[in-house]
Amino acid sequence: MRVTQRVHKILDNYNSDNPGTKANLARMLCTGRLGGTGKLVILPVDQGFEHGPVRSFAPNPAGYDPVYHAQLAVDAGLNAYASALGMIEAVADQYAAQIPLILKMNSSNTLYRSSEAPTQAITASVDDAVRLGCAAIGYTIYPGSDEAFNMLNDLRELIREAKSKGLAAIVWSYPRGGALSKEGELAVDIDAYAAHIAALMGAHIIKVKLPTDFIEQDEAKKVYQKENINIATQADRVRHIVQAVFNGKRLVIFSGGAMKGADSVYQDAQDIYDGGGNGQIIGRNTFQRPREQALEMLDRIIGIFLGKVRHGAVAQAAE
Amino acid sequence: MRVTQRVHKILDNYNSDNPGTKANLARMLCTGRLGGTGKLVILPVDQGFEHGPVRSFAPNPAGYDPVYHAQLAVDAGLNAYASALGMIEAVADQYAAQIPLILKMNSSNTLYRSSEAPTQAITASVDDAVRLGCAAIGYTIYPGSDEAFNMLNDLRELIREAKSKGLAAIVWSYPRGGALSKEGELAVDIDAYAAHIAALMGAHIIKVKLPTDFIEQDEAKKVYQKENINIATQADRVRHIVQAVFNGKRLVIFSGGAMKGADSVYQDAQDIYDGGGNGQIIGRNTFQRPREQALEMLDRIIGIFLGKVRHGAVAQAAE
Amino acid sequence: MRVTQRVHKILDNYNSDNPGTKANLARMLCTGRLGGTGKLVILPVDQGFEHGPVRSFAPNPAGYDPVYHAQLAVDAGLNAYASALGMIEAVADQYAAQIPLILKMNSSNTLYRSSEAPTQAITASVDDAVRLGCAAIGYTIYPGSDEAFNMLNDLRELIREAKSKGLAAIVWSYPRGGALSKEGELAVDIDAYAAHIAALMGAHIIKVKLPTDFIEQDEAKKVYQKENINIATQADRVRHIVQAVFNGKRLVIFSGGAMKGADSVYQDAQDIYDGGGNGQIIGRNTFQRPREQALEMLDRIIGIFLGKVRHGAVAQAAE
Amino acid sequence: MRVTQRVHKILDNYNSDNPGTKANLARMLCTGRLGGTGKLVILPVDQGFEHGPVRSFAPNPAGYDPVYHAQLAVDAGLNAYASALGMIEAVADQYAAQIPLILKMNSSNTLYRSSEAPTQAITASVDDAVRLGCAAIGYTIYPGSDEAFNMLNDLRELIREAKSKGLAAIVWSYPRGGALSKEGELAVDIDAYAAHIAALMGAHIIKVKLPTDFIEQDEAKKVYQKENINIATQADRVRHIVQAVFNGKRLVIFSGGAMKGADSVYQDAQDIYDGGGNGQIIGRNTFQRPREQALEMLDRIIGIFLGKVRHGAVAQAAE
Amino acid sequence: MRVTQRVHKILDNYNSDNPGTKANLARMLCTGRLGGTGKLVILPVDQGFEHGPVRSFAPNPAGYDPVYHAQLAVDAGLNAYASALGMIEAVADQYAAQIPLILKMNSSNTLYRSSEAPTQAITASVDDAVRLGCAAIGYTIYPGSDEAFNMLNDLRELIREAKSKGLAAIVWSYPRGGALSKEGELAVDIDAYAAHIAALMGAHIIKVKLPTDFIEQDEAKKVYQKENINIATQADRVRHIVQAVFNGKRLVIFSGGAMKGADSVYQDAQDIYDGGGNGQIIGRNTFQRPREQALEMLDRIIGIFLGKVRHGAVAQAAE
């Protein structure tokens, strides 16, 4: 595994970490076709927990088999593969040496009824990640939820343990619950805040959703206006989020959301690239498509992150 | 104990587990008259906790004595015997070498009043299973309950400890509580979801109820219709559940439910067999019958799972 | 200490326990005038916690002194003495070698206001029992209480620790709270259920109250009628409870309740003896009487359990 | 340090404790001008937590300095000095060898709003007491509070740990909250019950308030009347409380309450002495007076407990 | 690092601490331009957690980068730099040897909705502080909050662990929640009480806000009037707070609050100096100004604490 100068530079931002953790970060940054570029495309398969097996896998029934996904990630030349305990156990023996595995530590499900205090069950432990040869743990927080502080308390312990055992930590930061409006969940101020909280918690890689230009909090709106902060285009907003994660000293990647048209997926990738984001985490949009279509889509996304392909018009306002 | 090719193939699906756990899975798969076939019939006696001693054992008072059940499981040539701590302690010294024992870790009871947050007390520990020479732990979850996340949190720790100590883990996944309708508890979408959650939690063997063709969740109903998923017969639905447990890479067995006519019990076995399920867990229908009747019934069920006996008409729609 | 054949036979029912625990069971079974018979009479002094010192000891002020009770138990030739931490600490140095001590691990008190979720404070630890040379721990559960599952969770840990440290475990199983009616607390179906739960939790000795012939739960009533279960006399009901504790493979003793006439106390003993119960735990009825009266009463009770004395008419229906 | 026969006799009541704990009890009983008599006068300074610094120390501003109090206790020839963590840390290095220190483990404060479930924060650990060279821990319980069982659960662990580390344990038992009436907090039946609970929890020294002749609980009232219990004078009631702590086999001391006239303070001391109590714990009445007045008051109190000085008339009814 | 006589005298007040903790206190007291004077100016950057990144850093976008703040603290010659886990991790490798780092252990955020039970998430552990080479931990309590006791319980454990590992402990004591009025949060009686609680919890350095002359509690008001306590000027109130922290035997520093005019900031510094406080903790007022303005402001504040510069008129009433 060749560690490029670009990756060495990124690792310098994590110089308080021990060699084991930095090596696992390097593994994710140096695996696959984007290896060495500082860009990441990760395949997450946590939909089975979140929406059940039928909604997740019936559109492409090959996905009922855990091996399908790990092999898809390898064949597409991705940086890493993330899933829940049972799914990772089903592939770790065969794939841990082929592609960095990310063990998702907590999960929600749609059988559990919703509330103003959304939370998740913790479904795996750091020692599971260690025994399964994973490179990182993954953990979701819901900033704004009435359960948010408990989720942070649990994250603190998991992230501390992961670091002490040479693993990297990736935080999915999804604002919801409490007094947040539905529109506010994707508001740019809230998304920046959520990304910043994950960075403050010590996450190595932060995963947020692509924000809208809505602003949720009045106190924040005043600042956006007074300081004339540019959030007009999606690329601008990516750039703003990058600033929120220690001015780009933490890796930040964006999720693709629900299954949607391929054009929209490529545009997201292009905007992330243009805004200086570190990559994309893309699940349903690939594993719910037939394998050949998925490989084709991932090939094009990787092309965008390699800077070899451009999608759509360059967002002028972002320049 | 001869480990057949069929069993070796099944164990390959568990290759992230350590040798101790795989050996205990093999013990269950290679014990009794179904030994080596990949099929399992297990005797569970947890009714005393759930319904009290009188409702459980008065119909066949020999069952008040814990030794009765262990001996019944041995004499019938079953794969394993499952019960609560006190019942297992009463037989472990004598039977642990004769038949794999499964220590049920949690239990509910009908003295505890019901609520939208049903849960169970944890009544045994993994170290109890170890000291009593058990092959596996058993644990019930109630997906959908307002207490479901706490049950998953506890299961995570128990399953992790069991694996680290060389035991197998069996999860009883029974949806209930929360916003689930009564009919929804047996709905096919919910049952598949419940089986999938157990698989994601890292269960080696998953136990669910045989589902009806009712569909509880609107989002799921759309997918069943769009993808034209076949759930018409009971065997079809078994096949669907098998898919939900990693496309059959996890063992799934089905429970017999309340005492009912023998014909109905045999039909269940036949449908499980036809749908590719791994077996049956059958309690009240055997231990509440006189011993000779119970042995006769289990003999016939085993015959069905050996493929030597057919019951009723083959469900045509399932072909 | 001579271990009789009768005691060896009883110990065979506990053969999953380690030698330390079996030795402590044997100590209780072989101490005092009933030593070796398989019968037990135990003096419990937990009234100070439950009702305060004045209601407990003012009727016989000698009882304010903890030494009084331990000496009474020794002088009466009882099998064991049970009390709370402070009371046991006050006598352990002097009496641990003279009579088996039982450390009561939890207690309620009448200063705490009642609710539908009755519970108790845990007031001692297993290590206290070990350092004080006790033979057993005692723990109360309230099956039916909205706090019952938490009490079982705590009991699980205490009983596991006690067994691992060579102690025996005695469970006081008193149904109350939740949806139980007041009359139901002593109902025969509930009492059998409560005794069975204690057995399933792994208790070595189970203590319940003598039940009435009332039946609380409709589902149970059907079975009592259908199976024509004989619960007419108190001795019949004792026999029924014995069945509920693994068909007599667990020791079961009965409590005497509030201070009452001597005749009633003797009748209880006789019924327990006739029904095959293992003995009596008798507190207020002895320590609230003057010492000489108490010794006389205990002498007669022991006579009944030795089969040397009969009290009242034999309950004909029980034959 | 000379251990008198009187002290040896008291220590015999604690013969289940290890030598370290007995040595620390002996240190408290043998320090100061009352050393060796079996009587104790202790200076507690926990008012800062309970009422804030201004209400506590402004009347005698020298008391803002923690050293002032430790020196006062030494100069007055008291048995021990008790305070919260920060106050003890401020003097331990200098005073731990001069006078036994008691580390108060929990505290309330008047910023916290009151409820029917009063409780306290636990503000120090047993290991703090060990590292600071303390002789004992102190802990407050509120029998009757809806939080009482949690307080007892915490006390159980602290007292067990203290004993295992050779420390003594002092319990402040103050009934309040729940269904208790305001008048009932000082009722003689409740005070005796509270003292008894502390003894049952394993306290070496019990601290309660001087009770009134009010009786709170109806069930208790019947016994006081039936058994004709003498609670007419304050000395009678002290004698009654002494009975409630294992007939005097546990040390019991009484608190002085809010700042009041010197005459009233002396009368309390005299009544405690006459009733056979083991001493007084006196805070605000001394540290809120100028140092010379405080020393004079403590000199007189010590005189009363030495039996050299009598205050007021002997309460005739108490004879 | 030269430890002056002044610092040695301060360290004498902490003589129950171990050498490691005292060395870390000395490091903070002897670093920077105020080194050796007993005065402290600390830069805290916890606004990102509390108000989000935009409100915190957009006014001076250089502050998005964690390194900016650490370098500002070094260049201004401050005593220490405090921030949350992620921010400290981003600079520890480079700065831990240059300036004492304080790891803030808990944080709130404005996404979490407010209540009468305000609290914070615990976002770092003591072992994090150790591995990152920090000199101290920082922890916020909210005296008065319905969650205050839980915050104190957590603080107890953190402070104990910090001391056992040779770190110093700084407590931010901010009254709020519960029954406190909004005006009461800054009331002089409440502020003194909050400072005292922090001292009692064992804090080495206490950080409170500068109080107003409002008095919240009636019982306290009586004492202020009766004892004629001087709280007229801000310097008087500082002097009063100093008294509340063991008569000055604990270090107490004051926060600057929200961004405000420079004159007001200097006046605060002057009043703290005049009242005998130990220094200032000043965040937004410096890092939200351009770097040169911030350095200029900090230079002047340091001048005031060195006694070389006076700001405004001396508050006559305070003399």
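Observations
Letters are used for the chains, namely A, B, C, D and E, taken in the order the chains are written, and counting of residues starts over at 1 for each.
As a convention for this text, a contact is a pair of C-beta atoms (placed from the backbone, for glycine too) under 8 Å apart; a residue touches a chain by one contact, two chains touch by 3 or more.
These numbers were taken from a predicted model, which means no experiment stands behind them.
Shared contact partners of chain D and chain E, listed by label: none present. Between chain A and chain C, the least number of touching-chain steps is 2. Note on connectivity: the fewest steps through touching chains from chain C to chain D is 1. One finds 36 Å separating the Cα centroids of chain A and chain B.
Chain geometry summary: the mean Cα position of chain B and that of chain D are 59 Å apart. Along chain C, no residue makes contact with two or more other chains.
One full turn of the ring, starting with chain A and passing chain B second, gives A, B, C, D, E.
Across the complex, chain E is touched by residues 13-17, 143-144, 146, 148-150, 152-153, 156-157, 160, 164, 175, 178-180, 189-190, 192-197, 199-203, 217, 219-220, 223-224, 227, 229, 243-244, 246-247, 249-250 of chain A. Remark: chain D residues 48-49, 51-55, 58-59, 61, 64-66, 84-90, 92-94, 107, 109-113, 119-125, 127-128, 132 touch chain E in the complex.
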